[in-house]
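One chain, chain A, links the two complexes that follow: it is found with chain B in the first and with chain C in the second.
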Partner chain A sequence: MPSYELSLMLRVLSKPELVSSLKRSAETIVQQGGVLRQFISIGTKPLPFKIRAHTQWHREGTYFLMKFDAPSSAVEHLNDEFKRDIDLIRTHVVKCEEPVKQECTLEEELKSPAYRKDVQQLVEESRKTVRKQFKQNSPGFDYYPFQK
Partner chain B sequence: MFARSSSRIFNVINISCIQSRSARAWVRKPLGSPMAKSKMFRIAPKKFIPADEKAEVKRLYDNYFHQMKSLRQYFFEQSLEQAESGEVAQMKHRLEDEEHIRLMEENRQENEKTAKLREEKLKIQAEKTRENILASLINKEEETRLYEIRIEAFLEKQKATPFIQAENIEKAIEEALANPVDFNFAIDLDGYVYRGRETAIEKIPEEERERLRSN
Partner chain C sequence: MALMQKILPCFHISSLYRTTMFPLLTVRHSTNYNASLQQEDDQPAQNLSNPYQKEKRCCVLCKYDVNVDYKNARLLSQFLSPFTGKVYERNITGLCKSKQKIVESEIIKAQNAGYLAIMLKKVEYFKDPKLCDPDRPVRPHRY
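Moving on to the complex of A and B:
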């Protein structure tokens, strides 16, 4: 089962209501064969812009994250469920992928080209290749053919 | 200076007098010039041949035509006969037959040669494809084995990671709500990291500051 992250934006509720609402969303995930991994609360904050959801304008919302594993076929159903929940302003399910491991090469990149290793390698390689050079006096006259 | 008609003559003279030097050459009437005034109302008499004379001319012509045709046919047939039965023709036929037999023999030999080559080539090809198929089968088996191992490892990893049980959901939610997380952070030029959106930098003592790991 792939890992997903569900980000929820709820309308401002009292604490027991908020807990019951979140529990409802969590249970829908479990019903779809999901496994809950982690809950993260980000808190109540003003929204970046006013949002209309379920015939109401919202200027403030509670942000919440749920990390879970679920079969990929469940995601569509989850989205459908959350769309109809009137406590939720917006939801988004994202697939979590393992971060790509990359080495930081900024220090090397900030050097001037002459000191960079890859540039030095290129220069070396270019020196190895033998270029065709024009031969002076190629027909080999033993006199100068033009007027002096 | 010149009238229209005279200019025409002048032009012709200009061209022809140098070569001929005597009389001027015949020249066509220019396009669009009208019919001569003297011929304007002249009606040419219609040619008339009496019917019996016409019939006679036709009979003579037909006779001549049929005779010539039969003669031509006769000569043509004769020439054909000669071409078939003449000595030269027979020689030619014989040579052609010989050439045909020779070419057929050559063709047969060439066919045999190519068949032999083809057989060898096909044999090598078949062997190669057999090897390829075997290799791909082995490869596939190996791949499936590795895939299964990978899946098993993944499942084990998933089983090993902790999860929230259905009866603990409420408790976990309350716990999370009690400890809100702020993912915002800032970095300064010295590589120090300040967690939180509204953290005052001055309030954190320098010993407790978090620093980015440098390689």
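Moving on to the complex of A and C:
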């Protein structure tokens, strides 16, 4: 099961209401065969832009984060469930992936194009392709038909 | 007398030449002799690295090994234009190709999840230290 990260944006609620709505969304994950790993509360903040959800404009929201493992087929169902929940303004499910370590290639990129490896490869490839060349004896005579 | 005058300077020169040449020759002999006795450490080193090689340049995120996350709106907004809310290009941010790609994708994630504004930069982030200056691009661009 791949691990996912769900960021919830809830409308401003009283504490018992918030708990019940979080429980509801957590239960939907468990019902789909998911395993909850972590709960993180980010807090109540003004939204970066006003959002309309369930016939209401929202300018403030409570952010919450859930980390869970679930089969990949469950994600579609979860999104569908969260869309219908009135307390949720917006949800976003992201797959957790470990960052791949790569060496910085800035030095190579700052070189002038003639010294860059990718450009050199392009030049080599262009030399490989044979361009169509004009044949001088196009009628196919073995003699020159015009006066010299 | 005329003959003597002609011969004498020649004699003098030849005698001088001889006196100077002898010590020179002896010195040369001595150096050759010593070199054969000494070890080979005095020889110039063959496989030296280039002393004029410049230090390898590295982008900011690779240098400090920063994990770019979509929830970190403050970091992401440092790569945004305060006027349009769009991501600066690679010639301005000075990031390597892979990191620039990650930053761009994380910004889109942050906007979709509601952590980051789309058309503007937050006023609280205006006084943050500037990682990139659009007036002084790393590479010249066509605009």
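Here is the rule we use: the second predicted complex is superposed on the first by the 101 of 148 C-alpha atoms of A that agree within 3 Å, B and C clash if a C-alpha of one lies under 4 Å from a C-alpha of the other, contacts with A are read in each partner's own complex, and residues count from 1 in each chain.
Following the convention adopted for this analysis, contacts are C-beta pairs under 8 Å (C-beta built on N, C-alpha and C of every residue); 3 or more make two chains touch, one makes a residue touch a chain.
Just so we're clear, the structure is a prediction, and the values are computed from it rather than from any experiment.
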{"item": "Which superposed partner A:Cys104 touches (first chain B, second chain C, both, neither)", "value": "both"}
{"item": "Touching partner for A:Met9 - first (chain B), second (chain C), both, neither", "value": "second"}
{"item": "Which of chain B and chain C A:Gly43 touches, first, second, both or neither", "value": "first"}
{"item": "Partner chain in contact with A:Met1 - chain B first, chain C second, else both or neither", "value": "first"}
{"item": "Which superposed partner A:Glu27 touches (first chain B, second chain C, both, neither)", "value": "first"}
{"item": "First (chain B), second (chain C), both or neither touched by A:Val123", "value": "neither"}
{"item": "Contact residues of chain A, present in both the chain B and the chain C interface", "value": "42, 103-104"}
{"item": "In the complex, chain C residues that touch chain A", "value": "56-59, 62-63, 67, 70-71, 73, 94-99, 109, 112-119, 122, 138-139"}
{"item": "Residue numbers on chain A that touch chain C, as the complex places them", "value": "7, 9, 42, 47-49, 51, 61, 63, 65, 89-90, 92, 94, 99, 102-107, 109-110"}
{"item": "Complex contact set, residues of chain A against chain B", "value": "1, 15, 18-19, 22-23, 26-27, 30, 35-43, 64, 69, 103-104"}
{"item": "Interface residues, chain B side, partner chain A - complex", "value": "158, 161-164, 166, 169-170, 172-177, 179-183, 215"}
